[in-house]
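Working notes, structure below.
By letter and in written order, the chains are A, B and C; residue numbering begins at 1 in each of them.
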Amino acid sequence: MRRAFFAILRRDLALATRAGGGGELALVFFLTLVVLVPFALGPDLNLLSRIGPAILWLGALLATLIGLDRLFQGDEEDGSLDLIRASVLPLELAVLAKGLAHWLTTGLPLALCAPLLGLLVALPAEAMLPVAATLLAGTPALSFIGATGAALTASLKRGGLIVPVLVAPLTVPVLIFGVSASNSALGGTIPFLTPFLILCALSLAAIVIGTIAAAAALRQAD
Amino acid sequence: MASLTELANPTRFMRYSAVLLPWFAGAALVLLALGFYLAWFVAPADYQQGETIRIMFVHVPAAWLALMFYTMMAVSALGTLVWRHPLADVAQKAAAPIGAAFSLICLITGAFWGKPMWGTYWVWDARLTSVLVLFLIYLGIIALWRTLDEPSRAGRAVAILTLVGFVNVPIIKFSVDWWNTLHQPASVFRMGGPTIDASMLQPLLILAVGFTLLALALHLVAMRAEIMRRRVRTLTIFEAERLDRLAAQGAAA
Amino acid sequence: MSSLGPHAGFILAAYGAVAVILGGLIAAILLDHRAQKRALDALEQRGIGRRSGSTS
């Protein structure tokens, strides 16, 4: 069972890191979004540094959601999803492996790149680490909430915008606590840990709920 | 024939709903007429909010119905997934547009109430924001219904989405409260206000019941339409298959 | 309803919005109901629906 789990994980990692996989594309999309914001707002560094964490979080949220519709679609099309359904591995664990692979190839790189992109929006040095930490803790929630949406639309030929439309309202709490934890590191009355721990709790809850719901959705689909 | 047993229960529903429907609609009309009469001609203007208090009489029932219909959808979702009740996903599909319409009414009347009272159409107040997110969830559910065409499969997918949303709604409410206390603007906002006088409470309750009955009547009609849509779909497929068989026999002969 | 005070426009706009949304909802549901009923009746007229008397 453990072998099957790691086989799925390895396969998805290999697929994502190969040329044309979703991983680096999400990163480029993230960079593009962060670059676009100053063009819309003007190059006022004071303003940008004040809303920097929010820009980075929005960018990460969109970059995660946009590519999610492919999470199960490819497997549905080439039939590997049927093999996964028929295997000894419980569907929940298979979804967990796929969600984990998605996070390792999107959320994790996004969080690691966030300090670099933070330079573009004049993020103060003391905020770099907290922003990266909140992204690290918060993006699993995005991956797994998104996995539910992806599983619901796995059978569609063109998922397109439907997954972000379904998932975005459910990510409101993650966004709120991610940004407010980042901002509290910049000063303010609440300590960093309070929203950060709630963010971690949200992530853990999302991993459980998202995995169960996505597996249920995949089971219903056949 | 599997489809016949499947039709049995909806058929009974069609018969009962045809009997109930005129009563629901009639009671709704009577109560709404009475409630609006009291709200417009009898209830006094509020001493602080003036005549704008008249907006409350539709705003509050709409908010209540937006929440009630989502709860009904969550119960129906359980009915679809756990008990596999054949009418549950019909009820759920019919409820989504009605709930969305009432949350939109709640938002818009709130905006027109807010402008004269707080000087702005929209404040990012916790309650308003939560209703807005609820409206977005409704739209997502409707969008998912429209993209999946096979009814029973779409029903189960939407049921899962509805339940995930239902689990999320308290979390969203909690985080929006937190976010709101962080960003509280200068306190223009005081919702509690004076306790409601009986002359206002009475039309409000009558209107709330009236709107609820109206919404339930609409729900019944929408469910009947959905059941007929599915029957049309099944019959069309049967007919196409029959013609197919006939054509095959004709070709063989 | 002698006078609606200084904010009459907002009150009327709110009630107008309610009328438009509710009216639209009611119209959409009733039209859909009628369309489905017609489609079903048309099928039954052609002798396809083998269950009669169950539609209303």
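Please note the rule applied: a residue touches a chain if its C-beta (ideal position, glycine included) is under 8 Å from a C-beta of that chain, and two chains touch if they have at least 3 such contacts.
Just so we're on the same page, UniProt names per chain: A = Heme exporter protein B; B = Heme exporter protein C; C = Heme exporter protein D.
Since we're looking at a predicted model, the values are computed, not measured.
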| item | value |
| --- | --- |
| Centroid comparison with chain A (Heme exporter protein B) (C-alpha atoms), farthest chain | C |
| Chain pair showing more contacts of the two, A-B and B-C | B-C |
| Between chain C (Heme exporter protein D) and chain A (Heme exporter protein B), distance of the C-alpha-averaged centres to the nearest whole Å | 42 |
| Intercentroid distance (Cα basis), chain B (Heme exporter protein C) paired with chain A (Heme exporter protein B), Å | 31 |
| Gap in Å, rounded to a whole number, between the CA centres of chain C (Heme exporter protein D) and chain B (Heme exporter protein C) | 14 |
| Junction residues of chain C (Heme exporter protein D), two or more chains touched | none |
| Junction residues of chain B (Heme exporter protein C), two or more chains touched | none |
| In the complex, chain A (Heme exporter protein B) residues that touch chain B (Heme exporter protein C) | 148-149, 152-153, 155-156, 162, 165-166, 168-170, 172-173, 176-177, 180, 190, 195, 198, 202, 205, 209, 213, 216-217, 220-221 |
| Chain B (Heme exporter protein C) residues touching chain C (Heme exporter protein D) - in the complex, by the definition given at the top | 7, 11, 14-15, 18, 40-41, 45, 50-52, 54-55, 58-59, 62, 97-98, 101, 104-105, 108-109, 112-113, 115-116, 218, 221-222, 224-226, 228-229, 231-232, 235-236, 238-239 |
| Residue ranges of chain B (Heme exporter protein C) in contact with chain A (Heme exporter protein B) within the complex | 81, 133, 136-137, 139-140, 143-144, 147-148, 153, 156-157, 160-161, 163-165, 167-168, 171-172, 174-176, 178-179, 182 |
| Residues of chain C (Heme exporter protein D) touching chain B (Heme exporter protein C) in the complex | 1, 3-8, 10-11, 13-15, 17-18, 21-22, 24-26, 28-30, 32-33, 35-37, 39-40, 43, 48-49, 51, 54-56 |
